[in-house]
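Two complexes, one shared chain (subunit A), two partners (subunit B, subunit C).
This part shows the complex of A and B:
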């Protein structure tokens, strides 16, 4: 390949193109060579599929040869059937909808309160001194620890689930709002003072944009914690939702249902997180642009 | 004067907890809430002298045992996988997507499957704790080993260290803060998972079982005692680990000071 490159590089116009090309020399090769990096890149991507496929094949063989009883290890195609039937027939889809609504509701309440609390902590020295140590100490107790207490107060109804989910999203949101607002540089705060912004302007023009990345981090953690708390609380106090479906599957030893639910829970959690990252990138685009300007 | 000022300052942060305790006491004395919901803190302390306190203590021991065995299992697995993925590009490409895919599943969603496979007893709980401890440790070691500055790696190349020596002398010490942070998270997640598993499975002895039994028998004093034990132990794990980390990493901090 080297001679081809050299002969082309001798061409002045091509040399200019080479310099101008953003990718540099990597793109600067003959067409036959070009096909290979692309192919090998695709192959490299596909390498990641090797392990799941190997596991699936092993699993299928194990199920077919009945190395383990079907109850313990249902065949993969059975799990796939349950998954497809459940999503198409609506059982799983309905359960998922119930759980999603629960997560959204709880997370909305929890993160709104968390945001307000975090901003309050960060904006007043007195409230920080008074409340922060207590808040931090209480936040150490895992959600699961609060369960028995909350069960006695709220019973085993939907209210309990909402409170648990809201609590689990309250804490990351409050922490991040607090850190984010506190990390706003003094210089910016001083600009606000010089410009004599009123409270509303201050919040909208200074505090909100200044702490936005931290708020996004908080919100992302909040929804992911809410999702996890939902799974836990639905397994524990199961009436409806995806966790309850899974637990019922476990009780009747239908591990195909259990595995299908695990897949649904994993994929949904992943999609929520991805969607969030997507929104975050969009919303913070101005910031990245600004940073680049700063540097230049 | 200054000392007095400082005491006053630190006293201020106790205002809210004290107020909460007073509110708690008042709500019981004035019968705002029934004794099935809250009991006086005097009763909680009194529960320490009842025979059930021995159960709490027993439960604590069992939970800690599960925590230790689960974390040893899970964190060593996490460290091994993290090292493999951070140090070998091929392993990362092969395992990475599956690892990150499986990580998406909420922890407690594994409980039904784990109990079906490993039973409701000691094995099921330990495996669940290990699962909880596995991911943070793997993430911590991946982060740490990937973040080793290039200059440090080059030192290894210049000194012609073998792969084993590079790992022990350069990579692991450089990644130590991140690995230890992963281990700390493993311990915290493991603690939560141990209690959660005991609480959800409901068989055997453990702090989670103390909570569950207390709730079923409306023994609020036991529930609150259990809660205190959980909170204090969690805080103690954190505090001990912080100390340990400072001790283990003191060479780093000293080195940083010299560099400045």
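This part shows the complex of A and C:
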């Protein structure tokens, strides 16, 4: 079987990843790359750090020169201290753990449902006609827009946060699963019919390999959406977790805590995404060479 | 690079110009006053600051000088006022003791001029939450707005009842959200201000605890403050503002004006009846004294110790350098009101003599 098809969604995902990759757009050749291949490889990895370092330097200067009051813009070393204390002392680490568990649980539920829903939509015209418009319309409402309503139904406890996070990962997963399955060419589906594949064989040998890149894109978007939804919901309805720590930081006028939380949220989100790309590359290694390589 | 250098040079040349200009001026164009608001309803003040605003005393005082008065009642209450001060958007700020302390400890250049009076706190429980006594709170979900003065009162209340935050499920909710959360049954109780009296009238909540009557350590407290730079630059303006603050406090403390005072405060959205209930059998002047007496000092001292214990603040706060009653004392003398309000001891009992 030759699953040579890539869905549109997967392409978009790849392009996104390419742009976000360290070193920027692939065509651009850094001068360092020409002379010393080994050195240039190291530098290439570090090029993406250029912007963060520039921001850091600007921040340090701004804090030192007091362009903004120090209560509003604490110096980076102060934020670093809070970060180290919080991670070593366990407060930040604990909050992060709570939030991570929440995201994993919510994302697992949301993506599983999203996958099933997407496949269902794609596999039958009837379900598409009946469900797709509604799904599309509901997907337009930002997850947080549901909060006032869901608060009344689920209260302020974990259930509410799980529902919000699951919902935010459900949409991209369902959408990509739908697109991925839809993009399997009719010729392959027909071959499947000729070979009289049963449902199980069909799913495992045709649908799954054919839509896998799209599913990965969906999953990657799902976890990223879940992560962002977690931060939002924890800030709005907070008892614990990293979002709640951030809100309390603001209420106690400790902007260094707020910024430390922003760093933790950003870095963790980035690492999750990296881990995902790593898994994706390994999982899709069997595919035609060159298709996945550029997606780092 | 050249352009950058040029900009720097121009800026360096301008700096002395700007600062000498400022020093030469003996009056500001505008006086920016921040009030704590109520965190819900309409942004209008209660307590002395609400009366000061409603009676237009500052506007009248500074009309002849062509100085405008700008009022902001922050919906984000105290924590938002700290941000406004840090951003240089406020000259005077009237807000609660805990955000006061938190802001000062973070290095905000404020000076305490007068007490903003003391307020009551209420513990409202949902009608069918099965909470009849304070002990029943164990394991229940209780909402309080973190970082506000109610948060400090809440901690004091727990301490007095031999409870800790860990015995309850404490939820950080703003005042407005507390009301909807109580109504929706998503929390069992909430700790806040007199706005709960309104809900009690509608039989939605029961008031299980409150500080009505004699002043107690659980009461809300706070201060009328000025930024150090404003006080340094315009001491005479500060003198006149404080004088009018005291005039407003005097007027608001007069029980002859009782109904009118409640009507002014009703502009926040809390009905006048709720205020009448809040002040039941209590002379106004017991709660609206601008004096920084031993009672207020003790509240601030406790607040600092507590905030440090809880990790809300990291630096100590030197109260003697923070509080400057010279303007207040002068105003009391000028208006011959030295003996109008009684001085209380640390526990809130009126001192004799």
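We adopt the following convention: the second predicted complex is superposed on the first by the 219 of 296 C-alpha atoms of A that agree within 3 Å, B and C clash if a C-alpha of one lies under 4 Å from a C-alpha of the other, contacts with A are read in each partner's own complex, and residues count from 1 in each chain.
As a convention for this text, contacts are C-beta pairs under 8 Å (C-beta built on N, C-alpha and C of every residue); 3 or more make two chains touch, one makes a residue touch a chain.
As the structure is a prediction and not an experimental result, all values here were calculated from the model.
Of the two partner chains placed by superposition, only subunit B is touched by A:50; subunit C is not.
Shared-chain residue A:95: touches no atom of subunit B or subunit C. Once chain A of one complex is fitted onto chain A of the other, the partner contacts of A:72 extend to both subunit B and subunit C. In the superposed pair of complexes, A:250 makes contact with subunit B and with subunit C alike. By the touch criterion stated above, A:115 is placed in contact with neither subunit B nor subunit C. Looking at the shared chain after the overlay, A:130 reaches subunit B, while subunit C stays out of its contact range. Residue contacts after overlaying the shared chain place A:151 against subunit B and subunit C alike.
Subunit A is touched at more residues by one of its partners, and among subunit B and subunit C that partner is B.
In the superposition on chain A, A:239 makes contact with subunit C only, not with subunit B.
Of the two partner chains placed by superposition, only subunit B is touched by A:140; subunit C is not.
Overlaid on A, the two complexes show subunit B and subunit C touching the same residues of subunit A, namely 72, 151-152, 247, 250, 253.
Residue ranges of subunit B in contact with subunit A, taken from their complex: 9, 12-17, 20, 36-37, 90, 93-98, 101-102, 104-113, 115-117, 191-192, 195-196, 199-200, 211-212, 214-215, 218, 220, 223-224, 226-227, 230-231, 234-235, 238.
For subunit A in complex with subunit B, the residues that touch the partner chain are 44, 47-52, 55, 72, 129-134, 137, 140-142, 144-149, 151-153, 227-228, 230-232, 235-236, 243, 246-247, 249-250, 253, 255, 258-259, 261-262, 265-267, 269-270, 273. Interface of subunit C with subunit A (complex): residues 79, 82-83, 86-88, 99, 102-103, 106-108, 141, 145-148, 169-173, 181, 184-187, 312-313. Considering their complex, residues 69-72, 151-152, 155-156, 238-239, 244, 247-248, 250-254 of subunit A touch subunit C.
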